[in-house]
Every structure is written in structure tokens, then in C-alpha cells.
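Look for chain A in each of the two complexes below; its partner is chain B in the first and chain C in the second.
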Partner chain A sequence: MTQLRPLSALIFAVVLLAIWQTVTMQSLVPAVLLPSPASIANRIFTGAGTLLPNAASTSLVAVGGFALALVAGLGLAAAMALSAWLTRLLYPNLLLFQLLPKVALGPLFVVWLGIGVPSRLAFTTVVSVFPVVIGTLAGLRAANPGQIRLCQALRASLWQIFIHIRVPGALPYIFAGARIAATLAFTGAVVGEFISSDSGLGHVIMNAASQSDTALVFASLVVLCILGAALYGLVGLAERFARRRWRSR
Partner chain B sequence: MDHRHRVGAGIQSHARVTPAAIRFRGVSKVYPVKPTPLVAVAEADFAVAAGEFVAILGPSGCGKSTLLMMAAGLETPTTGSISITGEPMSGPNPHTGIMFQDATLLPWLSVLDNVLFPATIRRLKRATVEPRARDLLATMGLTGFERSRPHELSGGMRQRAAICRALVLDPDVLLMDEPFSALDAITRDEMGAVLLDLWQHQSKSAIFVTHSIREAVLLADRVLVMSPRPARVAHEVVVPFPRPRAPDVADTAEFTGLCAELRAMIARGRP
Partner chain C sequence: MSRLRGAVSGISAVLLMLAAWEILVRALHISTHLLPPPSDVAQALIDHGDLFAQHGIPTALETLAGFILASFIGCAFGVMLFISPLAQAATMPWILAAQIVPKIALAPLFVVWLGVGAPCRMVFAVFIAFFPVLIATVAGLSATDRGALQLSRALGASPVQTMLKIRLPFAVPHLLAGLKTAATLALLGIVIGEFVTAQRGLGYLVMLAGSIDETALMLAAITGLLVVGAALYALVLLAEAVFARWYGAPIIVGDFG
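Entry: the complex of A and B
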């Protein structure tokens, strides 16, 4: 694994912000196209009343959809790992469906479930479920044949092999899928809000852009970035915890 | 020397009062591959007496591992039957322990938990098995490594942990499929000594599949020399060295002589 170097990355970001600030202060770019970092920071505070409740709304949909995607994805992959028949039935269709840009399904969910939270939750789940299913299934199938043979020699049941060999062996794959799903969940939530909604950061961005309040657009992006990083970090923490529990290297 | 070795395929003459630990009766294994079915084992007919250590020696790919997998219940014979302590076999037998070419430890478990893994699968109370597991680890020189993870151990230590795991439920028969073949020469010798020492205190039967003549002669009471595929017992050689046996028995002229004889048998191929 490449080691993260937070310090050098931080310096780079600060330099970038400084350049951005300088360029915008010289009025080289109109503020409506590119507001200065300082004005964006300022907008975060003046717009907090708008940003906070809408951030909560987006988080609810993103985290809820992510959780549903985890449950559905793990369940689906586990079922396929335990049943070759189900795999034959589902897997090729899943792969085919994965090729579809899921975002294009957004309007359908509005037709089916309206513009409320349930509609966006369902849409977010569909957008983020695939990496979980594919990752988990790959992990469960990648089990070491020697370890399985050992279990068979001990007369282990299929369920014991699943719990004692396949699941711990699949953990790195499961978390790789979950990390991708965590980022897709915010994509799903925001796109859902773009399509149709009366709340959420996606809604704020659409409104602000139409009113040329570019600073508020950027302020919303900053909040989204923080939220996304928080969910991603949470998945990372869960992985650390799980690996300490099972210690799969 | 010849009077000590009964050479030939007729092996039923091992008359003991107790039933054989393992008996193969006309066991063949045919894999139905195209265009011609692959005969891996043909008419294997032999018995391992209680407490006897039998080495199955043969060239790579001769089907000797298939023989062991059938003894472990992981493969079913196409024809013939196998019985363990007089009972006909159907699937893996709880009275056997098994070792593979590599240690096959589970990387997410500690060494102790790996040794206790058979107890976990059999749903035995941990407390009843743990003392024995710790004893075995101590015998194998792994005290202090109970909480280590497999990747923190050397290859030899991992394979010693695998021996502990194979023995933890006190099986009557230990099945070993080239257990040291993935180790370097020095560790291999060391493992031979460890196993030899272990056998001074154990009254278990063992089948030890190997392609190392030295290892076979050092460890076994009897060596079955397999023919090239399909594997059949081409020769049977009783190893005359009494137990307790020290590893330096390998330095005697008698030992090297026996090794040379076995090498010639393998070279000749079929009987």
C-alpha cells in the first residue's frame, strides 16, 4: 500500500488555495464564475441556516441508501455464494445491469415513488449496491481451496465453511466494495435531488446556480466533500475494527 | 539384508490381533476425463496396522496423493473399499488427522486458534481441548507463539503448528501428504527429527506420502513403493531400524544401503 503523506498533500492544497485566492482577488475572473476561497468560506457561515438542514437531508439519504446497499449487496452476494443455481441465474444479468449508467434510472424512481425521501433512498441504493455485490461475491469465491479442503476433512458443513473461511477471507474485498459504495451513495443522493426534490444539498446547488449565487454552490460542494470524507472515513474505521477482529493481514 | 525386506505386492500377511488402522481393498480411482479416462490409482491393496508408520513413496504425479485423499475421505474410490479401524469408510473420518503440503493455517486466526480449529468445527468446548492444544504447541517448541499470527512464523514453525492441529483431537490415524515438500532442505531435516521424536511418544498409525527416499526410510516402519501412474503398490520394504530411532541413523551404511535399494526399485518402475 502506498503510504499516505498528509503533510505534503496539505501543503499542495494550501498553495493551490493561495493561487486561487490571488487570482480572484486581482479580479482576473468574475466572482460569479469563480468566487474566492475567502468568500466561499464566508458563504458557508452566512448560509449555514440553509446548508445545515439540507446537509442533514442529503446525509440521511446517502447514509440510509448506503446502509441499504450494504444489506442488500451482502445478502445478495451471500445467497449467490451459497447457491450455484442462483449465481447462474443472477450473475450475468447483474454484470449486464452494471454496464447501465444507473444515474439514467433517476426519473423512473420519481415516476414510481414520487419526489420524497423514499424515492431518493431507493435510487441511492440502486446506484451504490453494485460494488458491494460484485466485491463481496468475488471475495467469497476467492476462498483458498486448501482451507476449504481442510474444512471438508473435518466434516465442516457448507455453512461452517462459509462463516469460518469464506467470510473472513472476503473481508478485504467487502470493504473495497463498501468504500466505492460510500462515494457512490453521495452521488446517488445528490443526483436524486437534482432530478426532483424540495430539500438537500443537490437542491441547494440547483437553486443557487439558477440565482447565480456561485459562492453558495461552492459552499455546498465543500459541505458535500466533508460529508463524503466522513462516510468514507467511517468505512475505513469499520475495516480497521474488523481486521483487528479477524486479522486477515 | 534381503531377508528383512519382503518385496512384492502381496501385503495381506500383516497378521495382527487388532484390526488394521486403515485397510485398502482393491481400491482404484479413475477420473472420467476425455478422451481416455485417467487411472490415478489401480488396485491398491494394503493395510496399515495400529501404531504403524507407513510411508508411501513414489515419483511425482504417480497418484500417491490421490491415495491419501481417499484415506482422508476427500475422494471416493471408483472401485474397492477402504476401512478405518474395521469400519467401512464413508466420507472423512473423525478419527483421522490430516496434514497437507502447505500448513494451510488460517491467516486471520492466532496460532492457538488455528490449532483449536478442528474443535471449533466439531463444536467441542474450547476449555476441554485447549490444554491439549497448549501441550502439543509446547512439544513442538511453539510455546510463546500461541497468540502470534501465522505470517509471523517461519515455514517450519507453521508446519509444526499444522502438526499440532492434526493431532489436537487425538486421532488414531495421521495422514500426511508430502507435509515437508514446501520447506527448505535444512528445515525439512529438522521437521523429520521433530516427527521422529513425536513418534517415540505416540502410538498412532500414520500414512506419510513423500517423494523423499531419505524421509521415508528415516520415519517409517514400512515403505510402500508405488509404480508410476496408475499408482499401484510395486514393492513393500520393512525398515529394520528399531525405535526409538535417532535422526543420526541416517548416517549408517545400512541406511544408505536401503535408500539405494529403494532408489533402484523406483528406477525400475513396475515390478
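Entry: the complex of A and C
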């Protein structure tokens, strides 16, 4: 039974696709509303000329924004971990900000930076930075106080304690934040393209939807899912590598 | 006492931030078009009170409805997946995979399916928000204390009784965590819906203010969204407090074995 479990998920997907294909082939549902899986697969190949450059544009913004969010988030959290009053000043504001759907700030970035790539990069960074800050902050606080006291007694420098105790202890938390940030980065990039853009998969989706080219909408979504999963997978790989390197749990 | 002190320190931190914003904008002569000071934003909120009522109420109601629907649907599906291990094994990997892809991108598809009205935005919000509730329900039901289950079996409780009296109460802390995520996601879904359909609502107002270069109005609309988000979150906190009182707080899981 336990060996059958991963298989059952696969069977479920195949059956679902088969039903979807049959229903759409019998024209029970108009293709404008729900194109068949086969026609979506076909549209990915016929639309590759449109999809590829726009996927590259979306990936650039998402990956760039994610990288910036990592740098900014780690820096901010490290500063907050070092300074208690900075934490007391910033943390309540961060929590308040968490209640706001950050994507609502999209049009503000258009006012500030126009509709180009820099604007969407900045927006994506802001959308995805929060989980990194909160994860890193939680991680840096999670270090075992006994270990730190031992190191202090053994006259370890602040830097040694930071690099040998605090960072390995924080890694799982940092990567938990980074994984959320990776999914938010694509959300930010696509919402940025929804609001105003002349390139990217979000732009393709909006255009295709307005022209009732639903197959192209689905094709773009498939590409977007693959890209999102790829970035998530890369973060997972980086986590395995980092944990081995730092001998973290 | 410490909670009161925490609240005071939190509120003063927010006020300090607003004051710094106000002073910096005025001292550096930053164009109010780029970044209006908080006083301008407050002024816009007061001046356009009727506009905010007109656009804020639909957003708040749609978000609330989407959140409640997502909670019930997520909970119901969670219970069903918990009862049937086969269904859980078949669907759970896909549900978890759906968490890592940007579901927001499906918004235009919902417009194709359901038009540009409120139902479309609400269905989209439910679609976005119900996943964390479902996952939390399954996790919560699976995390029931072994000792409590053994005790209920020994006392001859029926499966339905065990579900209602043991498993569900034990699942509530997990469920509440899922509901907190769902509350923010429901608002996110409504706002994205308002962005792509653009007829009414605070999300529409943000877009409109952006297109007519009224940055103060835009920030006022964003403040409105923050209020809606905070109100919904407070509602979940209230539910948490009520539950804690019913079942005796704090809920100590793992105190039976």
C-alpha cells in the first residue's frame, strides 16, 4: 500500500487529464472556456516563439527580485539581530505590513519607477523580502544559548560565534523564508506584468485572455508553473548544499 | 502587563515611523506626487470619505465572504481527505505542489470563466485562500494526541464521536493557523480580481488613482486595504480567544500519553 501511494497521485493526474481530454473532445465545453490538454500542449509548441522570450523576461524579474530580496532581507535581519532598538522600531511595522496584500503596492512602483524592468524588479523585491526577514530573524534568535555561553567562556570572538553557532542554527529558518520568497517572487513578477508591462508571461496571459486565446493562457500558465517549481527546486538544492557545508541539522 | 507594554511599544514604533516619514518628506522637499506625507494621505481619506465607503464596502464584504467560503470548503475537503487515505495519497502531492506555483496568474482565466463581476472575484479569492485551510485541517486531524485516541477507543466512542469530540478540537490550533494565512490570501485574491477586472473596490481605486497621478489617494486606498486586512485578522484572533475560553486555554497538546 505504501509503495502504491506515489503511484496513486500519478494515476489520479492521468485519469483527470483523460477525463478533461474526453470532455473537451466531445465539445461538451466550449474550447474558449476550457481547451483540451492536447491543444494546450500543441499551443506550447506553436506559441514557443512568443512564450520563450516572455518567459525569459519574467524569469529575469523574478530571479533578480528574489536575489535582491535575499540580500536585503538577510542584511535587514542581521542588523535587527544586532540592534535591539532597531528591532523594536521595525518589527511592529513589519507585522502591520504583513496584513496588507503587498501586491496592492504595484501601482505605486509604476509611479516611482515607470513601467520597465527596474520598476518590476523593485516591486518583486518588496513582495518577496518579508519572509526572508522574518525567517532570518527567527533563525538568528534560535541559536542555543548554552552553546553561545560555552563559546564565550572559551573566548571565541563575536565573528566566530556568529559564523560557527548562529549561522548553522539559523539556516533551516532562513531557507524556510527563502522558499516562500521564491514563490512570492514569481507572484510579484506576474502581478507587475498584469498592472503594466509590454513583456513577460503576465502580459501574454492578459493579452491572450482578452483575445479569447484560452489555450495560450493555459500554455503560459504551464510554463510559469515549470519556472516557479524550478526556482523552488533550486532553493531546495542550495539548502542541501548549505546544510552539508555548515553541518547544520 | 507585559502585553500592554508590548502593545504600547508596538504602536509607538508605528507612530514614530509615520512621524519620520512626515518629517523627511517635508524636510527633503520630496514631491508629494512621488511620496505624499501621511498627513496628505489622511486628508485624502477624509476628503474622499464617500468614495472610500463606495469602494471599501464591496471589497470588505467580498473578502469576508470569500474567506468564510474558503474556510468551510477547505475544512470540508480537509475532513474528506483525512477520512479517505487513498484520496489523500492521490491528491495531496498535487495540492502541495500547487502551493509553490504562482496561482495568482490564473486570475484572467477566472474572468474568462465567470465574467468581471463580484462572483468572479469571490470564486478566485476562495480558490487562492482555501489551500492553506485544507492543508492545515489535514495536518491538524492527523496530529491528534495518541493517548486521547486510545482513551476514547477504550471508552467505546464511535468514529463520529471521536471525530467530533477528539479530533476536531485537537485540530483547531492547526486550523486557526491556516485561517490566519487564508485571511490575508482572501484579501489578496479580491485585490488581484479588482486589478484585472477593474470596476470597483479598493484595488480598483488603487489602479485608478495611479492612472490619474493621485498618489495620496492611492496610499489612502492602500491604507483602506490594510484596515480590511487587519479587521479580518482580528476576527480570526477573536475566534481563537473564543475557542480558548470554550476548551480551556491554553490548549496543551500531548498531555494525555
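Keep this in mind: the second predicted complex is superposed on the first by the 241 of 249 C-alpha atoms of A that agree within 3 Å, B and C clash if a C-alpha of one lies under 4 Å from a C-alpha of the other, contacts with A are read in each partner's own complex, and residues count from 1 in each chain.
Methods note: a residue touches a chain if its C-beta (ideal position, glycine included) is under 8 Å from a C-beta of that chain, and two chains touch if they have at least 3 such contacts.
It should be emphasised that the depicted structure is a prediction, and the values quoted were computed from it without experimental measurement.
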item	value
First, second, both or neither for A:20, with chain B first and chain C second	neither
Contacts of A:106 with chain B and chain C, given as first, second, both or neither	second
Touching partner for A:160 - first (chain B), second (chain C), both, neither	first
Comparison of chain B and chain C by chain A residues contacted	C
Contacts of A:91 with chain B and chain C, given as first, second, both or neither	second
Partner chain in contact with A:168 - chain B first, chain C second, else both or neither	first
Chain B to chain A touching residues, read off their complex	72-74, 91-92, 94, 96, 98, 100, 102, 104, 106-109, 117-118, 120-122, 149, 151
Contacting residues of chain A [partner chain B, same complex]	144, 146-147, 149-156, 160, 164-165, 168-169, 171, 246-249
Chain A to chain C touching residues, read off their complex	4-6, 8-9, 11-13, 32-33, 88-93, 95-96, 98-101, 103-108, 110-112, 179, 182-183, 186-187, 190-191, 194-195, 201-202, 205-206, 208-210, 212, 214, 217-218, 220-221, 224-225, 228-229, 232
Residues of chain C that touch chain A when the two form their complex	9-11, 13-14, 16-17, 33-34, 86, 89-94, 97, 99-102, 104-109, 111-113, 184, 187-188, 191-192, 195-196, 202-203, 206-207, 209-211, 213, 215, 218-219, 221-222, 225-226, 229-230, 233
